[in-house]
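So, here come the structures, one by one.
In what comes next, chain A is part of two complexes: it sits with chain B in the first one and with chain C in the second one.
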Partner chain A sequence: MSTFDASTLIYVIQIVIGGLLVGIGVHFVPVGGAPAAMAQATGVGTGTVQLATGSGLTGLISAGLMMSVTDNILLIVLSGAVGAMIMMDVTMIVGNWVYIYGVGVPPVAAKVDYDPITKDPQPPYISPGTVGHGVPTVSFVSGTIGGLMGGAGGSLIYYALMNINGVSGLSAFFAIGIFVVNAVIASYNIQGTIEGFHDPKFKRIPRAVKACFIATLIIGIFAVLIHGGA
Partner chain B sequence: MDMVSMGLLAAMGALATIAGASEDLESDVGSQSNPNSQVQLAAQVGHTHRIYNKAISGEPPSNALYAALAAVVASVLMSDAYGMNAFFSIAVGALVAAIFNGILSMTSYMGRNASQARFNQYIYLDVLRSHTTTIMAHAYITAFCVVTISYIMTATWLPIQHPFPLPVIAFTWGIALGAIGSSTGDVHYGAEREFQQYPFGAGLNAANSGDIVTKAEAGLRSSIDNAWFCAKFGGPVTGLAFGLIVFLDNWRTTIFDPATQGWYAIGTGVLIVVLLNVYNRILEVRSKKRYGPYPEYVGDIKV
Partner chain C sequence: MSVAAGGGASKIDKTKLTMYGLGGGILGIYLAHVLNMITGTGYFSFLAGLGAIAAVLMGADAVRRVCAYGIGTGVPSIGMMAMGMGLVAAMFGLAVAGVAGPIIGIAIAMGFGYFVGMLANKIIKMNIPVMEEVLMSLGGAGAMVIIALSVVISGQIGYQDMLKDVIFTGYIAIVFIAGALAILQPFNANLGPDETQDRTLVLAISTGGLAMFAAGIASLVTVGVGGAVLTMLIAAVIWLKAFLWYFKLVKRDSAGVIGTGLLHEGGL
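Take a look at the complex of A and B:
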């Protein structure tokens, strides 16, 4: 007969924090969805869930490698965060290469008149009939933060699950599942496109926090029970 | 750090570069991912075409499927029960993934074009015959490279000992690769190649949606023409992106042993991130200076 002890509670809390980090982190990732693939909207030309998951899972690979040699939670979580940031930044840089050299458009944000970080004017560089294109500085910095939070969240979930069962493959797969659930919830909240933290849609975060909290709490409890905790 | 680890890391970077390029070209020949929205729209706004039209799913899930499938087959063949050589196991695994890709591509093309019969969009059997094999060939290369990278990271007789099993790590790299291909190379296909009749240097005006180029230099444009064009820029830079990610991410933990120098590995990663942020700013400033504001712009905010 299993018992519900304090360590189980800590694992559930870690999973919930990880899920919330993922849910909030997705709001930072600048994605323009299908329009961005035609240089019609600011951001990376792919879906929110796709890019966030791609970067988060790259971080998971780094975190998994780190966890095989150490138990230090800070090292593991930061390792995942850095891996995700590298993936996100390289993707945004190469995306900008394609926009600048392949399509011939400068990176520009459409939701603000002046870039909040560099104070550069934006509207003169928006090509007619579009709502911006490419990844300007403010979106790039926002994307980096998104990568950090997504990578850290995914790694924290993996860390909690690994402490319960010690089987890396199973933990990784559950972590991927919990990651994607939160990414999808956040993606519904921003309706497919967001430019970064300067976008008005970013203010919808409290709603996502509530939804992600409930979803991750339920999944977290089941994940811990399935994995042999309690 | 030893020479073997560094050599393996270089091999992983090279394999990732090839995988990235072939993944992007596979999606360009098949017109998967986001630019597919325009191909789908084209017939509806009166432009019937001979472009291959498959949107099996977003690129990350489909590539994760192919990579995981190839890795599962490869690990079964490599297991003690069959004891096949790793190289041939991965080759057979990639073949199975390519066959799955072919089945999904064909049903996707036929289903999508059949549903557009009311817009006079035909199903071209010659397109199906010539393009499906091209798509499968690219998918084979992608799956082979991704599983080989995963194998290098997990094989017990090699220095890098990643704890994830081979199929899980191949799945993960498959998701990442699909996300990169969808984010970078596809923009070259969607924003430039599909709309080449409009002047270079502007995004697609929303009013022109669906007006894709359907005629080629001679005859009608096919998706293999599109892959020819994207192979000049979109494909290689996608390869460079995935190669850089696989290389930089593993380089940190190769030069610094994660067991004893974990903080150095993280510090190096943070430094790389800072440098990339600075580089993006340089890119932005240079591009705005080179291209200048749009002449049609009428607004109060001055440059």
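Take a look at the complex of A and C:
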């Protein structure tokens, strides 16, 4: 077992911050779930965990790549954040192509009357019987912020763990483990679907912050005690 | 989205299933370890695979119990969370407790599960009465599947061997995702008002067999061809038997669907 000293405490704090970033980041990602897969709700048509894991893993890869050339925490976290943002944006834009050119619906948000960013009116474009479809501008921007936070959080966890055990495979999968737990807790908080930061459900963030904080703290304490076999 | 995913009555009691799952999983892991050590071979790795299937059964039943409430996030999320908690706990147990590692790891995973379930009910206010108990089973099942499949690959429990054979080689990725799918797929494929426990659990045996088969392929280079082929062979037989059984149950349960014939004129 690794010894528990001041630097370990800092790593635990880093892991907790990482977990919180993931938990909050999920609230920004436009997750539409099954209804969105049928173009009947705004957002990308899949679950939170799939979206968060996809962008989180890409973030980990880019963070890991950066970590192989430098140990500057800022560069590593930024690299992870950019990786996750790219993945999230690619998912949203390709999803939009399918919605626009395949299904034939305009991207529209149902939870607001005017898009907070473009100021475009939304209700006229909502197909009857649906609650929006596609990824409108506000959701896209929100999703990009979500990718940033998720990627930064994931790579912060990875960075902390790498400094403790030095085994990339172990650190990466622990990071994924902690990442998934926080993403699922956050997605329970939004009951599976959210449009972005303009969605009324976004106001539930404090509850997720509390839950993710406690959960990450407990799991993080165990994670930092695992050595890399050296 | 709060549509309850349905689910029929349980024929097999949850306590019984949890006991069998825990007992079978731990027994499989230790038998594989001890027999491999005594004989100095890797032929008994398949026993850990059987343990993994027992753990998958326990996990799949837990998934069906909680998802019947309609958790709103899709079935996969809870399976992935089980593996997330299970992985950290399993590795902690193996790293600090040596041979007692699996038991410690599984116990900690169950603790994580109970705790996260409590957070979900108390702070997130999901108000699902079985959440704590189910996540406890799921965390334990996740840790057990990870340890059992890792033992299939490395042939024993030792943390150093586990690092060398499972982590450094990257097989942990296969263990993680194959184990998660084995636990979440059975209910995900069967959910609906006509879901029956036996059909879901039989599919769990089949997905567990597939996960065991994947671990068997991974063990080709680690425990040697003999042990790996034995694991794969047994896994393939289990999968085939379970899948045929599952197919029979699908036909049994679908007998309730009756043809109505063509719609008559003006029927629409």
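Everything that follows uses one rule, which is that the second predicted complex is superposed on the first by the 223 of 230 C-alpha atoms of A that agree within 3 Å, B and C clash if a C-alpha of one lies under 4 Å from a C-alpha of the other, contacts with A are read in each partner's own complex, and residues count from 1 in each chain.
We take it that contacts are C-beta pairs under 8 Å (C-beta built on N, C-alpha and C of every residue); 3 or more make two chains touch, one makes a residue touch a chain.
Bear in mind the structure is a predicted one, so any value in this text is a computation, not a measurement.
Participant: Taking the superposition on A as described, I'd like to know which of chain B and chain C A:Tyr159 touches: first, second, both or neither.
Facilitator: neither
Participant: Thinking of the overlay built on chain A, is A:His227 touched by chain B (first), by chain C (second), by both, or by neither?
Facilitator: It touches chain C, and chain B stays clear.
Participant: Let me test your reading of the model: by the given contact rule, A:Gly33 touches which partner, first (chain B), second (chain C), both or neither?
Facilitator: A:Gly33 sits against chain B and chain C alike.
Participant: Quick one: name whichever of chain B and chain C touches more residues of chain A.
Facilitator: After superposition, B is the partner touching more of chain A.
Participant: Between chain B (first) and chain C (second), which does A:Leu78 come into contact with in this model arrangement: first, second, both, or neither?
Facilitator: After superposition on chain A, A:Leu78 lies in contact with chain B alone.
Participant: Give one of first, second, both or neither to describe whether A:Ala215 is in contact with chain B, with chain C, with both, or with none.
Facilitator: After superposition on chain A, A:Ala215 lies in contact with chain C alone.
Participant: Once chain A of both complexes is superposed, is A:Thr53 in touch with chain B (first), chain C (second), both, or neither?
Facilitator: both
Participant: Share the list of chain A residues that count as touching for chain B in one structure and for chain C in the other.
Facilitator: The answer is residues 33-35, 47, 49-50, 53, 169, 173, 176 of chain A.
Participant: Once bound in the complex, which stretches of chain C touch chain A?
Facilitator: Answer in residue numbers: 1-2, 71-74, 76-78, 80-81, 83-85, 87-89, 91-92, 95-96, 108, 112, 115-116, 119-120, 123-126, 159-160, 163, 167-168, 170, 172-173, 176.
Participant: State the interface residues of chain A toward chain B in the complex, per the touch definition above.
Facilitator: Chain A reaches chain B through residues 33-40, 44-47, 49-51, 53-55, 57-58, 60-62, 64-70, 72, 75, 78-79, 82-83, 85-87, 89-108, 113-114, 118, 120-130, 133-137, 140-141, 144, 168-169, 172-173, 176.
Participant: Please name which positions on chain B make contact with chain A in the complex.
Facilitator: 33-35, 37-38, 58-60, 161-165, 168-169, 171-173, 175-176, 178-180, 182-188, 190-192, 194-195, 200-209, 233-234, 237-238, 240-241, 244-245, 248-249, 252-253, 258-259, 262-263, 265-266, 269-270, 272-273, 276-277, 279-281, 283-284, 287-288, 291, 293-294, 296-297, 299, 301-303
Participant: Enumerate the contact residues on chain A facing chain C in the complex.
Facilitator: 1, 33-35, 47-50, 53, 167, 169-170, 173-174, 176-181, 183-185, 187-189, 191-193, 207-208, 210-211, 214-215, 218-219, 222-223, 225-229
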